[in-house]
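Got some structures for you, see below.
Next come two complexes, and both contain subunit A; in the first it sits with subunit B, in the second with subunit C.
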Partner chain A sequence: MVQSESIFRLDGVTRRFGALTALDDITFEAPQNEYISLLGPSGAGKTSLLRVIAGFESPDVGRIHFLGRDITDLPAHKRGIGFVFQNFALFPHLTVFENIAFGLRNGIDDIADAQIGDRVREMVDLVGLSGLEDRVPDQISGGQKQRVALARTLVMQPKLVLLDEPLGALDANLRGRMQTELRQIRERLNVTFLHVTGSETEALAMGDTVAVLDRGRIIQSGTPEQIHDTPSSSDVALFLNRFNLFDGKLSADAFHGPFGPVPAANVCQNPTDIYAIRYDRTKAFRKGDTLPGPALPARFLASEYLGSSVISFFETADHKQVEVDHHLSFGDPDNYKVGEEYVLSWDPRHAIVFGQEAAA
Partner chain B sequence: MSIAAPSTQRNTFTGWLLAPGVFWMILFLVAPIMMIVYVSFWTQTTFAINSTLTLDSWKNFFSSEAYVGALWTTLRLWLIVLALTFIIGYPAALFVGLLVKSKTVSTILLVLCVIPFWTSFLIRVLAWRPMLGKEGAINIILQKLGLIDSPIEVLLFSELSVIIGMTQIYVVFMVGPIAFMLGRIDRNIIEAARDLGAGFGRIFWKIIFPLSLPGVVVGAIFVSVMVLGEFATSGALSGRKVNLLGNIIVTQVGSLKWAMASVVGVILTILLGIVVAGFLRIVDLKSEL
Partner chain C sequence: MESKALKPILAVYVAAFILFLYGPFIVLGILSFQQGPEGGPQFPIIDWSTYWYRHLFGLTPPSRIAPLPVGEALLRSLTLAFMTMVTATVLGVMAAQAFRRRFRGAGIVFYLIVLGMMVPGVLTGLGTSLLANNVVGVERHWWTTAFVAHVVYTFPFAFLVMLAILNRFDGSVEEAAWSLGVSPARTFRKVTFPLIFPGVLSAMLFAFTLSFDEFPRTLFASGRDQTLPLAIYGTFSVEIHPNIFAFGVMTTLFSFSLLAVYGILMGLSVRRAKKIAMQEDIA
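Showing the complex of A and B:
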């Protein structure tokens, strides 16, 4: 029942390299026909997970199901799962056309030449490579290589495509364009994309579902909104790179941080006591202003202009850096003086409190 | 003018940088070759040589069964040794360059291949005698195992022993360049081919072999250049039964027959030129390396 709705399912998948556990008992069910982004810091096991699903490596423990079938012991070339490599891994001695046709010509099924030609041309049109069919990989740009790598995989009509940091090798301008294109191509072909990335903005922007991987475990998965607004642990909040996180001590119903005790109503279960407040909810005030909540004295360090907003960096007495994100649609930013003391504050209702004792 | 000046200056500079190399090559390569070509047309008498131009030596070469035979033997042995070094060398290179995952291990293996070169060429060749001889190691072992009753005589002082000796010495020149090219293949490319449904055979013929071809060509050029000019291995292992062009040059020079030695030298040089040019046509090395 469940299997018909999920594209693939991991059951307690564990992969070790010597003393290092790259994948630690991962159980995950991936919805069909969706864009799934897998977010994790480097070394979290993202690539290992993709390689285990693709069949380049086998798990030490656990089973992998794909379209309701156990494929754990099936070799990579019989799985029918597409893989797009981070460095594209194009065949350097073959033309764009032959790169795309490779799987059709050399795969398990015998396909007539005429049909290969049709399918390749169709794919060339879809990814926008018309006119470049006879070039070799050395003669095309990074973005075009990316398209060839994608076309080469998609022409095999896989139900699942694994993309290993596909935008990592592209420059920023191109990355934005490929983000939209990847989503459009996926929607047209009704395949599931599993996109691995270390960039939280990319993961949130592209995924219909976002899964967060840390130290070989999937620590949260959900819609981008769920992940962004309600990170389930302080680690997720940390990877999102949108929260100021404060260490402290949770007791009864108050959190004791560098800003003194603050009432803490809803507490999320977490290995350590952490107080999280989003950058754009944190505000800087001059001494003497009325504050919406707790007071945290901090020294202004510098600010960065990002076009639509200004990020200001402050440093607290115990040398912790705090970021304040001021969106310019809320009016012009204040002019802070470098080295001067200000007071940071926020509405405590917007804070997320993580604690060892959940919901005290 | 102001633009032209620095460019002329640069040209002069380039010219000066090239000068020593060009001078060296003219003095020690071009001039001697011209000289050999020239001498091949000199008149040779039994005890003397003079610079009267004649075609006699060339006619002698092509009318002598022994000399023309040596040309064919050289070509035959070259093709056999080339084929053997490739057949034996490619799998070894495949193992060292591609299948061994650790770079350190593959470097160690390549160094191991070179260890025989720590002994002198002559010793390496002569070491085959106690191996292949009538009462040599191979015959003794085969007899002890009861596989043969009487020693195999064809093992030593035959064309076979020359082929064995040359293959052993030159196979490493095939392994090195191929292993180098194989080592440069991005492993992701092979995984990508697997992911696209290709089995090992397809991956080898469509991806691995074409990408290693420049290495094969470089290895083949190394082996060809050395085998075509060979005289020592055939001298030491054939018991004078196998005469290569190189051996003829040695004997002709030894008996002061400079004109004939020059004829053979010119033929050998032309042969090498054709072979190397032929190999270079297979792959555009400039774009590959």
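Showing the complex of A and C:
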């Protein structure tokens, strides 16, 4: 079998806006025919990265390769890369049908009307817009606009589609459904999706590959499992929003945190010393119970019922909030009393220790 | 309460404003129906008649009052206003489009364009004529020097209208078109222009009306053949007859019909969208 080539490659891409560096020397290679999600907090440079790949902006330094070709100096309309905008950016003066047909009608290739009709109708069926062809964008709902934006892009049969927070403008119910649909549509058409999002759940749920962007740099990329189970730095762990992170001091194979010294076996290189334990690995005990590991006294604040699990919030003596995620398949949760003191503990083997001096 | 006293005062103020706005026109309208050819441009109305309207079109028996020499001037002014409208609007759209991206010296260029509106008109007209005659070597005509003076005068208005429209314009629809493989030129024609068209109409209306009754700039710049405002002014220096009022009524009606066309074109897209919405509701 032929070795699968990368769909696009970024070589040291840097983009500055005055004193601000939006993209800082990004080098990244994206696999073909995959769903790639790009996770990052707001201001991380996610949108700038998409706009540079699409050709709406050009990088100050660095090259962009697409399908083995250097496209850095190619204008946007000659790149053949699809773009789905967060605000959809539909053409308000055209019907749904004409929105989808726009690229076919006005592109460089002359396509016969009959063929345009066939391709648009096929796409209308694929994204489930039948019956709405003659409406204008003002007369359809947010979810339908999303589908028009997607259909308009996919009808051009691009090899790569960039999606800028495509689910951000939808309500929660619709977001879940569109997540599944986006994945299905992508698999059927064999295109690569690069999906930018600020939501860690969305990124992990949708991506075959997840890349984490922070301050203009890609700080980790890998499968969702890799990212989730072994974040490469405390920043990644922070964005995942699934870890209790404790400051402390690492010295001679032990981490000194608010819970006292704990043996630290595997230490990941990190700018600061941080001890991370996942919410669902953290457990609350009453005083006097046998503990599986370190003891961290904390006061119960409140809990949130999420359907499949209950999240309980505790506060330590130094006013740091700690979350305990109890999955209901492990039995009913304990009833904690607000204001009462408990002891938080965990199996130290599950913890990830980040330190300035990485252990060999 | 303060507002209780304020309301009637404001009502009177608005009423007075409207009266002063339309009063002169109403008076002219009434006097245009004065009896002719003996009746003069003053009250009382001797007898109601359409004599002066017929006089305007040469339908009355010859009398000592010469027909108003405005036919050619009217045609000239209409042509000039049309030329000015097209040129100023095209330039205004292009300049405003350029200002969507910040470029070096954008601030200075902006003020240079806008401050042009503040320069006294008579001086601009005179300056244009002197420049054309003595420096460039172009003869003064309504279609040369006056045309340039009119474009220079109306261009900032068209520019400002388009700038306001494009300021609110969301450029992501253009980027969307590019990402679909559509060239920037075609994107402008198929996406940008249809969306800014209401603004273009307003700019055209401004340019046309400003040019049509322009006086001070044209005074020196128009050369031998006069435009309509100059021709009308010329008849005042001899003697005023109600035929000039009849003519005023005619041109005002013409302007109103222009406005109506503008209104219809503006409302068309809105109405079409509403119509579709109503059909959807019924279905």
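Observations on the model:
Everything below uses one rule, namely that the second predicted complex is superposed on the first by the 355 of 360 C-alpha atoms of A that agree within 3 Å, B and C clash if a C-alpha of one lies under 4 Å from a C-alpha of the other, contacts with A are read in each partner's own complex, and residues count from 1 in each chain.
Rule of thumb we're sticking to: a contact is a pair of C-beta atoms (placed from the backbone, for glycine too) under 8 Å apart; a residue touches a chain by one contact, two chains touch by 3 or more.
Predicted model only: the values in this text are computed from it and were never measured.
With the C-alpha superposition on subunit A as described, subunit C and subunit B clash in the combined arrangement.
When the two complexes are overlaid on their common chain A, residue A:Asp110 makes contact with neither subunit B nor subunit C. Applying the stated contact rule after C-alpha superposition, one finds that A:Phe56 touches each of subunit B and subunit C.
Looking at the shared chain after the overlay, A:Asp318 reaches neither subunit B nor subunit C. Contact with neither subunit B nor subunit C is seen for A:Asp332 once the two complexes are overlaid on the shared chain. In the superposition on chain A, A:Asp73 makes contact with neither subunit B nor subunit C. Put simply, subunit A uses residues 54-56, 75-78, 80-83, 85, 87, 89-93, 102-103, 106-108, 152-153, 156 to touch subunit B in one complex and subunit C in the other. Interface residues of subunit C facing subunit A in the complex, by the touch rule stated above, are 170, 172-173, 175-184, 186-187, 190-191, 194-195, 269, 273, 276-277, 280. Residues 54-56, 75-83, 85, 87, 89-93, 102-103, 106-108, 134-136, 138-139, 149, 152-153, 156 of subunit A are the ones touching subunit C in the complex. Interface of subunit A with subunit B (complex): residues 54-56, 75-78, 80-83, 85, 87, 89-93, 102-103, 106-109, 152-153, 156.
On the subunit B side of its complex with subunit A, the touching residues are 186, 188-189, 191-199, 202-203, 206-207, 210-211.
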